[in-house]
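As C-alpha cells, here come the structures.
The same chain A turns up in both complexes below, where it pairs with chain B and then with chain C.
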Partner chain A sequence: MGIHVHLRVFAGRDYMTESNHSTFEHPEVQLAGTGYVAAYVAGIALMGLSLMLVKDHALDPTALGIAISGIAGLAALLQCVLLLHMTLSRTQIWQTVALVLFVPLFILTIGLTSWMFHGLYQRTMLRPIAASQAMAPAPLRAPR
Partner chain B sequence: MKGAAGETAGGLGPVMWRPNHGYDDVSTKTLGFWLYMLSDAMMFTALFAAYAVLGHAMNAAGGPLPGTVAHPTHAFTETLWLFSSVLAYGGAMIALKKGNRVGVMAGIAVALLVALGFLGSDLHEVTRLFAAGATPERSGYLSAFFALVFYHGLHVIVGVAWMLVMLGQVAVFGLSEAVVYRLLNLRLFWHFQAVMWVFMFTFVYLRGAII
Partner chain C sequence: MLVHIDGPWSPLLGRLALTEIPYKNPILVGTFLFAVVLAVVLVGLTTYFGFWRTLWRDWLTSVDHKKIGIMYILIGLVMLFRGFIDAVMMRTQQAMAVGPHSAGYLDAVHGYLTPYHFDQIYTAHGTIMILFAATPLLVGIMNILVPLQIGARDMAYPYLNAVSLWLTAAGAALVMASLFIGDFAHAGWFGIVPVMELPYSPGVGVDYWMWAFQLSSIGTTLGGINLLATIVKMRAPGMTWGRLPIFTWASLSANLISLTTFPVVTVALALLALDRYLGTHFYTAGLGGNLMLYNDLFWIWGHPEVYFVILPAFGMISEIIPTFAEKPLFGYMGMVVASLGIAGVSWGVWLHHFFTMAAAPAVNAFFSITTMAVGIPTGVKVFNWAFTMFRGRLRFDLPMMWASAALFFLLVGGLTGMMNAFATNDYMVHNSVFVVAHFHMMLLLIVYAIFGGVNYWFPKVFGFRLEQRFGRMFFWLFTAGTAVVFVPMFTLGFMGMTRRLDYVAFPQWQPLLDIEVVGIVIYVLSAAFLVAQLYVSLRDRAQNRVGADAWGTSRSLEWITHSPVPFYNFAVTPEVHARDERSWRHERGLDDAAPVVYEDIHMPCKTAIPLGLGALGFGLAFALVWRIWWLALLCSGAIVALIVIRAFMTGTSYTIPARDVEKMEHDRKRGAAKPARAQVPGGSPAPVLGGGT
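Coming up: the complex of A and B.
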C-alpha cells in the first residue's frame, strides 16, 4: 500500500489520497517557489503606483478612486495566485472555489451597505450646521 | 453501518478520518483552516462596510476627516514591512520544501522580526494620532478607522505569536507531519494578511487622502 501511494504521488495524478511517506513531498508543501518573489515585487510596485497617483493627484477624485480600486484588485488577484496558490490544480481546486464564492459576498456586503446609507444620507439626514462645518477637515492638535 | 459522511461506519470511527476517504490529513486540515480564514475575511468585510458608511463627513462630528488622519506615505512604509515579512515566510516555505530545518527556522525568525517592525510602525502611528486627540470615541469615523487598524494589528500580533510557537515546535519536534501542517496553516494565515493589507492600504489610507 505504501509503495502504491508513493508512486501515485510522484505520478502527480491522485495525490490527495492517503498519507505520503515524506511530508515534504506533500503537494501543498511542493507549491512553494519563486512566485513569492514575484508577488513581493508586483505588490510593492502596484501599491507604489497607487501611492504615486494619489500623491500627484494625477486624476480627478472619481477617476482616481476607480484607478486605485482597479490596481488593488489586480494586486489582490496576483497575491491570491502567487502567494496563496489559488489555481485550478487538483491540490487547490476547493480552496479556489471557496475563494471565488467568497468574492461576491465581499463585494455585495460592502456595496449594498454603502448604497443603502448613501440613500439614507440623501433622504433623511439633513445636514446640520455643525456637520456642515465638519465638511472642512478639523486639524489635529499636534503637527505631524 | 450508517450512510452519512462523518458518521461511524463498521465501528471504525468517523468516515473523514478513515483511510481511503479521498483526502489526506494535511489537505483536510488546510482546507478546513482556509474556510475559517474566509469567515475571518467576512469580519474584515463587515468592518470595511462600516468604514465606507462612517467615512461620510456627517460622521466626523466636527472632528478630523480621513484626509487628516490617513497618511499614505507612512502606510506605504508599513506595506514594505508587511510584504517583506510575508516574503521571508515564503522563504521558510521554500526551505520546508527542501526539508531544510535550519532554513525553515531562519525564514520564520526573519519574518517574525520584520513583522515586529510593522507593529512598531503601526503603534507609532496610532500613538501619534492619540496624542493629537484623534481617539476612537471622538467620532463615528474614527471608531471605524481604529476598528479596522486594530483588527488588522491584532492579526499581526497573532501571527507573531504563532511564529514564536512554530519556532519552538520546529526546534523541538523537527519537521514532523503535525508540524508541517501547522506551518502550512500559518502560511495561509500570514499570506492572507498581505491580501487584506492591499485593501487596507487602498481603501483606508489612499482613499482617505483623496476624499
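Coming up: the complex of A and C.
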C-alpha cells in the first residue's frame, strides 16, 4: 500500500486500553488487597457448610431451605463487601449502583417463582414427606 | 463421587471408542464426506492463493471489532446452513411418514429417519438456529456497528471481544463434532426434564448440548459486558444519550438482557451438569429434586433471550427505514423508551412457556397480562416505523424490501403471540405446530432484519454494494418459501398436530405436509440465488464501489467514515453535533471536510491467546462430554495458565503516528490506496502477540 506503519509499544497516556507495565500495579489488583482471597475462602467455606448440611440431611426440608438461603445471603453479602468493594466512593459507586439495579430483578424472579411453586405444590406436585406434612393444609393430612 | 455409568470406559479415552463413530449411518457418512470435500477445497484454495499468512495475521489473531464481527457472521451463516439442512430433513421426514402404510427406509419403520435420529435433528435445529445462528449473526452486526455508530476506535475490551468470539466458535464446533463422534441431545432445544437426566439419557448427546450451550452462553455474557461498557464509556465527544443512534440504543437494551439473563442459564446448566456428573438431584422427580425448577430457570433466560435477539433486529429496521424514506426516524425518544420497555418487561413473562404446568389461575393470569403488555412498546415501534414512512420519499432498494417485509412478519408473529398470551388459548394450542409457526414468524422477522442489515451495511464494511437483481430474486423466493411452509403449519396447528412428530398418524394431514415440502424446496431454490448474488457481487465489485455514504441518504455517524472502514475507524475522533450526524454534516456541506490536525492513534495489538482459549475451551468441553478426565484437567490448567500469561504481558497496544494517519487518509482521498490491505477492514499490519509473527 506504499505506506509503512511505524509501530511502537504504547508507553504513555491511556487512550483506549489499560496500560499494564506491571500487572500488580493495575488498579483492580491494587484495590483487591487480601479481600479477594478472603472472599474466595469465605465462599468455599460457606458452600462447604451448605454441602455438609444437604449431604447429611442435617435439617428437615423446610429448615434446610431456610438455612441454605441464609447462607447464600451471607455469602452474597461477603462477596459484595470483599470482592466488589461496594461503597459510595467515587471509584466504586457505579459497581454499587449496578448491583442495586439488579435487586428488582431478584425480587421479581425469585418472588414470582416462589408464588408459582407455592401454588404448584398445593395443586399438583409432591414434596418430600417431612416438607409436605409441614406445608399441607390440615384437612389434607393423613388421619392418624 | 462421580456417577457410575454402565458401559466401557478407559482412562485414556474415557467413554470414547470406535463404536461411537456412526459409520453405519449413510446420512451421516454422506455428511462427513461432504464436510471432508469442503474442507479439502477450502484448504486447497487457501494454499493456492497463499492465504494462510493473511488468515493468521489478519483474521484468526485479530482483535479488530469489524473483523471479529465478520467472523461472528460467518459462524452464524455456516450454522444457519446446518440448521436449515436439519429443517429440510424434518419437513421431508414428516411428509414421508404419514399413516401406517407409509414406507420406511434406512432402518426407519416410516420415512427415512428413526425416532431417535429425528429427535436429535429437531433438538439440533432449535439449538443451532437460536444460539449458533441468530445470536452470532446479531452479535456480529452489533460488533461491527456499535463502535462505528458511537465514534469509537474499537470495543472497550478488544481482547475480551476476541475471547467471546472464540468461545462461541468452540461451542459451534462442539455441536458440529457431535455429528460425527457420538450423537446429539434428543430432548428438545430447551431440554425436557427429566429426559435430560442421566437415567433417561445415558449417552453423550445431552452432554454435547449442555457444554456447547455453556460455552456459547459464557461467550455471549462476556460480549454483552463488552458492548455495554463500550456504549457507556467509549462515546465520542458530543455523542450524548439523546444523540445515540437508535441501533446502538437497541444494542444497549439487548445487552442489558444478555448481561442479566445469560448467567441464569449458566447456573441452570451447571446444576444439570452436577446432576449428570456428581449425582445430585436438582432436577430429578424424586429425592428432593424439582424438575419444574429447570423449566423455571431455563425460561427465565429463555424468554428474555427472545428479546435479546429481536431488539437488535428492531434496531436495524429503525436504521434502514429512515434512510430509504429520506426522513428522520419518527418518535426517536418513544423508540428508545420502547426498547428499554421491552427489555424490562422481558423479565416478567417467562412462565407463559409453561402455562399448562398447572400453576394457580392467578399466576397464569399475571403472566398473561405481562405477556400482552409486551405488545404496547412493540406497537409503539410499529406505528413509529409507519409514521416514518408516511409521506416519505420511499425507495425500495434491497435493504428496504427486507425491512418492510420484516414488519409483516412482526404483525403475524405478534398477533399470534397475543393469541398465545391468553392462557386459555394456550391450553388449546400448547405444544402444537401452531406455536412452532408463531415463533418462526418472530424468528423470520429477525432473519429478514438481518438480511436487510447485511445488504444495508455491506458496502460500509466491504466498500461495494451487493448485487440487486439476484438479491431481489432471493428475496421473493425466500418470501414465497416462508408463506408456503408456514401457512400450512399454522393450519395444521389448529387441526391439532403436535410438534416433534417423527410419525404422523393422520393421513388427512398429508396434503398440508406435502405443501410444506414444496415450501422448503422453494427455500432451497432461494438459497441458490443468494449464492448467485454473492458471486456476482464479488465479481463486479469494482463497478459497485461506493463512497462514505453508500445510499446517499444515510443518517448516522458510521456513514461519515470511509467505505470500507479503515482499521482505525476514524482518522480523528469525530465531534458529534446532532442525532443524525451524517445528515447534519451533509446539510451543511461538510461531506468532504478533512481534519485540520491529525493525532496519534492508539490501537490494541493482535493476539493468538483468544484463539488458544477457544481451542482449549473446546478441548475441555469435549473431554467432559466423553469423561476424559486427564484431558479436562490439562485443558483447565492450560486455560488458567494462558489467562495468567496474558495478564502479565506487556506491549499489548501500539500507536500509529499522526503523520502516517495523515498519509493514509491522503492516499485514500487520491484513490492511491486501491483495495489493498489497508482497505480491507482492519487490514493494516499490526504486531501479533502470543505466538503471532
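Quick note on the criterion: the second predicted complex is superposed on the first by the 84 of 144 C-alpha atoms of A that agree within 3 Å, B and C clash if a C-alpha of one lies under 4 Å from a C-alpha of the other, contacts with A are read in each partner's own complex, and residues count from 1 in each chain.
Here is the rule we go by: a residue touches a chain if its C-beta (ideal position, glycine included) is under 8 Å from a C-beta of that chain, and two chains touch if they have at least 3 such contacts.
Given the structure is predicted, the values throughout are model-derived calculations rather than measurements.
So, does A:44 touch the first partner chain B, the second partner chain C, both, or neither?
In the superposed model, A:44 contacts chain B only, not chain C.
Check whether A:113 is in contact with chain B, with chain C, with both or with neither, and answer first, second, both or neither.
It touches chain B and chain C both.
Once the structures are superposed on A, label A:105 by its partner contacts, choosing first (chain B), second (chain C), both or neither.
both
So in the superposed three-chain picture, is A:123 touching just chain B, just chain C, both, or none of them (first/second/both/neither)?
The second partner, chain C, only.
Applying the document's definition of touching, compare chain B and chain C: which contacts more of chain A?
B
In the overlay, answer first, second, both or neither for which of chain B and chain C A:83 touches.
Touch partner of A:83: chain B, not chain C.
Does the superposition put A:23 against chain B (first), chain C (second), both, or neither?
After superposition on chain A, A:23 lies in contact with both partners, chain B and chain C.
Just checking: does A:65 make contact with chain B only, chain C only, both, or neither of them? Give me first, second, both or neither.
first
For chain A, which residues lie in the overlap of the chain B contacts and the chain C contacts?
16-17, 19-20, 23, 61, 102, 105, 109, 113, 117, 125
In their shared complex, at which residues does chain B touch chain A?
Going through chain B, the ones touching chain A are 19-20, 22-27, 30-31, 34-35, 38, 41-42, 45-46, 48-50, 52-53, 56-58, 60-65, 67-69, 71-73, 76, 79-80, 83-84, 86-87, 90-91, 93-94, 96-99, 128-129, 131-134, 175-177, 180, 184, 188, 191-192, 194-195, 198-199, 201-203, 206-207, 209-211.
Can you name the residues of chain C that touch chain A in the complex?
Listed in rising order, the residues are 153-154, 157-159, 234, 260, 264, 288, 290, 292, 296, 300, 347-348, 351, 357-360, 362-363, 366, 601-604, 647-657, 660, 663-664, 667, 672-673, 676-678, 684-687.
State the interface residues of chain A toward chain C in the complex, per the touch definition above.
These residues of chain A touch chain C: 1-10, 14-17, 19-21, 23, 61, 102, 105, 108-109, 112-113, 115-120, 122-125, 128.
Show me the residue ranges of chain A that touch chain B in the complex, using the header's touch definition.
Against chain B, the touching part of chain A is residues 16-20, 22-24, 26-30, 32-33, 36-37, 39-40, 43-44, 47-48, 50-51, 54-55, 57, 61, 64-65, 68-69, 71-72, 75-76, 79-80, 83-84, 91, 94-95, 98-99, 102, 105-106, 109-110, 113-114, 117, 121, 125, 127, 130-131, 133-135, 137-142, 144.
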